[in-house]
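Below you'll find a set of structures to go through.
First subunit A sits with subunit B, and in the next complex the same chain sits with subunit C.
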Partner chain A sequence: MKKITTILIYAFITIVLFVFVFHYIWMVLTSFKTRLDIFTVPPKFIFKPYLQNYIDVFTRGRFLRNFLNSAIVVACATFISVAVGTPAAYSLARFELMGKKHISMWILSIRMMPPIVAVIPFFLIASKLRILDTHGLLMLVYMTFNLPFVIWILRSFFEDVPIELEQAAILDGYSRWSIFTKVALPLVKPGLVSVTILCIIFSWNEFLFANVLTKEVAQTLPPAISVLVTTRTVQWGRVGALATLVVLPIVIFTYFIQRHMVRGLTLGAVKG
Partner chain B sequence: MGKSDVVEKGRTSAYTEGGGVKVWIKEKLEDFGFAISKTQRRFALALLLPAVVVLALVGVFPAIYCGWLSLTNINLARAAAGFKYIGFENWENLLRSPYFWNSFKITLIFMIVAVSVEFVLGLGIALVLAGRLRSKFLRTIMLIPMIMAPVVVGLCFYYLYDGFFGIIPWMLRKIGILGGNIAPLGEANIALWAVVAVDIWQWTPFMVLILLAGLESLPVAPYEAAQVDNASKWQVFTKITLPLLRPVILIAILLRVIDAFKVFDKIYVLTAGGPSSATDVLSMWTYRKSFLRFNISLGATVSLIMLYVVLIICVFLSTVLTLERKRG
Partner chain C sequence: MAKVVLKNVYKSYGEVKAIRGVNLSCEEGQLLALLGPSGAGKTTTLKLIAGLEKCDGGEIFLNDRNVNEVSPFERNVAMTFENYALYPHFTVFENLAFPLRSPRRRHIYSEKDVRKKVEEIATLLGIHQLLDRRPTQLSGGQRQRVSLGRMLVTNPDVFLMDEPIAHLDAKLRYFLTGEIKKLQKRLGVTTIYTTHDYMEALAIGDRVAVINTGKVLQVGSPDEIFNRPNTEFIGKLIGDPPMNVLECEIVKKEKNYFLKIGELIHPLSARMAEKLLQEVKDGKSRVGIRPTDMQVSREKIPGYPEMEVYVSEPLGDKEILTLKKGNVSIQAKIKAGLESKVGEHLWVKFDFKRLHFFDRETGNRIHLDVEYLVL
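The block that comes next holds the complex of A and B.
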């Protein structure tokens, strides 16, 4: 009896997981199909793999350019957010500042702000300053969601650091600043790694800002992909290859911080 | 009554002893955060300041600017004509516009249906998987839908939904639910449900993982007590599991509600609001108004309404998050 339940549960897990990622699997399969195989009805599950789609992605179109743009914007936006957000998170976690609760609430509300609210003013101001379609603009704009996120999550990590350690450091003659950098920071390393990776994921996937604020020079991958389906004849093989390539790095990153993912996605409230 | 009495007594006795007033002042100061020393406060503010400045610049300033825009008549299509202050005309027009209310209704339907189905499915799956899904690899697979770029998710489903060679219509035809060469995204009465289905598909794993984390961190004692009392499985679920899980459930639902309210990327790729505005959620409508029709002021007005809605939900979320943080 017990054996049957175990088998049933594993079957259940397999089916559920398969259903959840089916759309991605199907895209990956499509990326290895010839045009003929793509348009076959009923859909083909077994076919001879075809690599031309991937070669096309790299040699035709502007994929490499968009990829580079994404990489630049994501790296800088993430770095700045973590650098500015970490001290703020420590400050909120450790000191009984006046109006701390209100500051936290304010930070959360910025994190939750619909991007469409920010994109209109940014568009107007950037076009006045003639900085539309630049990397710097996107990096700045991405702080609207990255910075509040870094502060919220890291605060919960800093709060987990036992205060006794820092008190002991005071007795040892450490300055306030070196307590922060030499005692607290090393202890929240897992937290730092997770927020960094989550910021990378958010910025990598961001679409609305990139779509409105960039056009050619600084266009990142998501808006570049969306253009592919709005054209009349969609080359699904190439789209599939592109989609596969865009998601792959994110999946690899996720594997390494999988343990902290739930904590990150619930803004530090639920510890997975 | 008893507890607060004791506290009161404690406080009064503190005054009556020598230096009582000092203690009282110290308590009051602690409430307002003045208790930390001056150098400490300076240090704390110095750490906080850069972030506050940046957030004011990228978070608060745009919202205020939107407020100003909503009181003007900026239209980029006739930028040469300039713009002027028109008071609350945009707001009046908007609240009278049937298109706005249609869009609002669609957003609410999208949000309510998607999040409730996600929650029910998520809870069901989490209950089955609780304590049984330890593998790092399998958990990563479960994370894939929610870490994929929404644009790519939209793209995948655009392909899966295609009327001619899409696998979903093909399967639906096989079981006889769908007739002919119907494309789910092309029919006004199906499109919204097709888009809701995509959201459910993408975000049910989120519910599963959060509820799973919640379930796996529940205390054991109440369950042992229930076993001693011979409680039925249903009783254990409704009387122990659900109440203990309530904060986690609230957080998961509130986060999803806010997210679903803002939905844009997937809709943009899948239907762009069509057919005949059947999937025209607020973000999509605002986007079209501001960047395709160039009526920036009207767009800013709608986006402000969205901001208010999100802020209201955010107050609840903040309360639950703070409570949960103190508890954990």
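The block that comes next holds the complex of A and C.
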């Protein structure tokens, strides 16, 4: 009986895993296929790798430019979101503010708004301000969506830091700011790591805003893929290659940092 | 060294009235134990003295100086917290050095002074070998010592200890009560110590203040608190098993007075009965009898009531009996050796001098002033 249960569980896991991983496998396989192989039915799983797709990505598109744009926008948006969001989260966790509940709810409601709702207003405002297709605009948009997230996650982390730790420091003559940096901040490190990673992933993969608000100068990687899908043809080989290159940094990054992330997401409680 | 005085102090958290008019004083060098159940307002009282909370009304004096508007640091008090509040990301050394390295003290203590001071305190508390460890690697008792150390290291005028040993096992608690008392006497620092354990409070306090629902119910020496509890609540709070408190009535048959507790009729001295009747006209009140203040015997004690053994709990050198008569049930704590059996009938004689009477409505003690007299 126990054996059957185990088999069923593994069968279930295999199916779920297949569903989740299959399109990645498909993507990577496609990137190494010739145009002919891509459309072969039944699909080939064993074939001679074809590298022209990758060569094309590097030589015929603007891969490096787009990659750099992505890196700049993601790094700045994440850094500013975390740098601004952390003190905000601390304040909401520790101070008695007027209308604290409403402020929190308002911040969360920004996150609740579907991004598509904001696209057109953002586009119109940006075009009036003549800041379309700039890095700054994209950073601003990503911060709009990252900040509430940072604040809400970190607020609960700060709330889990026993208040007595800070009170002990108050008695010793520490200022609010030094308590924040010396006591509270080190204790929410797992939370900081988590929100940083999640902000990076969100901004790196973001397509909608990048597609609408940028064109050439500040275009990031995700919309660059869509350029390959034209009305006349879809260059699946290059789409696969480019998509693989977009996903790769995040996969590597997540692989190395996942230990901190799991700890960060489960270890909300800091026990004195 | 400092004298601590609280005058009519109030504190609310939103709707919750945590402290409702507390008056307290702790003389220089004295150890005042604040005793009360959880939620009584003990921690809030300490935080008010420390300045971590601001009082809504009333005044707090340290050495006759009103400190209501003085910052926590300038009050020069040190506090230990119930959860020890050690910094998990620092080593023991860094934890102990943290108060000395604060922006307000940095100019007084060089790094060399800090090291010297921390080592001195660590040696005093016997945690010298733990200095490089982190709090998570310490046992409960060791953490408690570190938290004491962090309090001692700054030479404060007042120690505030919030349930310092509540979370340790019984043996260690017993040991540390003595240790803390010795340390406090040696350093002579005014100390306010909270606990919910009456034995700890009686053992450690020069004076004990019983506090409940944000009010001080009684302040006195441990002896006073135990022998002359001001209210029924205090009587029940102190002692294990708790004091038996029962509805009673004074009745007179012929020339003799009796204490009638339900179906239990127990003789009472005329002096006591008359005194009580002066205080309570209808003779009805509540009587408090500590389980230790009675004699239980297998041989008949003429004139005294007979009760049935309902439960018998042997405790090695002691024995706790639950005795019944009709609806009346009382607990007695007697020396082991009686080997009573359930269902057996025993004779019970209360110690007159140690009976406590409380008002039926207010629960306040009815002072008879005859308790200590030889009857």
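The rule is short, and it goes like this: the second predicted complex is superposed on the first by the 247 of 272 C-alpha atoms of A that agree within 3 Å, B and C clash if a C-alpha of one lies under 4 Å from a C-alpha of the other, contacts with A are read in each partner's own complex, and residues count from 1 in each chain.
Keep in mind that, in the parts below, a contact is a pair of C-beta atoms (placed from the backbone, for glycine too) under 8 Å apart; a residue touches a chain by one contact, two chains touch by 3 or more.
Everything numeric in this text was worked out from a predicted model, so none of it was measured.
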item	value
First (subunit B), second (subunit C), both or neither touched by A:169	second
First, second, both or neither for A:107, with subunit B first and subunit C second	first
Touched partner set for A:222, first subunit B, second subunit C, both or neither	first
First (subunit B), second (subunit C), both or neither touched by A:187	second
First (subunit B), second (subunit C), both or neither touched by A:255	first
Which of subunit B and subunit C A:178 touches, first, second, both or neither	second
Touching both subunit C and subunit B, counted on subunit A across the two superposed complexes	270-272
Subunit C to subunit A touching residues, read off their complex	47, 50-52, 72-73, 77-79, 81-89, 98-99, 102-105, 135, 150, 154
Residue numbers on subunit B that touch subunit A, as the complex places them	30, 32-36, 39-41, 43-45, 47-48, 50-52, 54-55, 58-63, 65-66, 69, 74, 125, 128-129, 132-133, 136-160, 164-165, 167, 170, 201, 204-206, 209-210, 212-214, 217, 247-248, 251-252, 255, 258, 261-262, 264-265, 268-269, 272, 282-283, 286-287, 290-291, 296, 299-300, 303-304, 306-307, 310-311, 313-315, 317-318, 320-322, 324-325, 328
Residue ranges of subunit A touching subunit B (in the complex, touch as defined)	9, 12-13, 16-17, 19-21, 23-24, 26-27, 30, 38-43, 84-85, 87-88, 90-92, 94-101, 103-110, 112-118, 120-125, 140-141, 143-144, 147-148, 151, 156, 159, 176-177, 180, 201, 204-205, 207-208, 211-212, 221-223, 225-226, 228-230, 236, 239-240, 243, 246-247, 250-251, 254-255, 258-259, 261-262, 265-272
Interfacial residue positions of subunit A with respect to subunit C in the complex	162, 164-165, 167-175, 178, 183, 186-187, 270-272
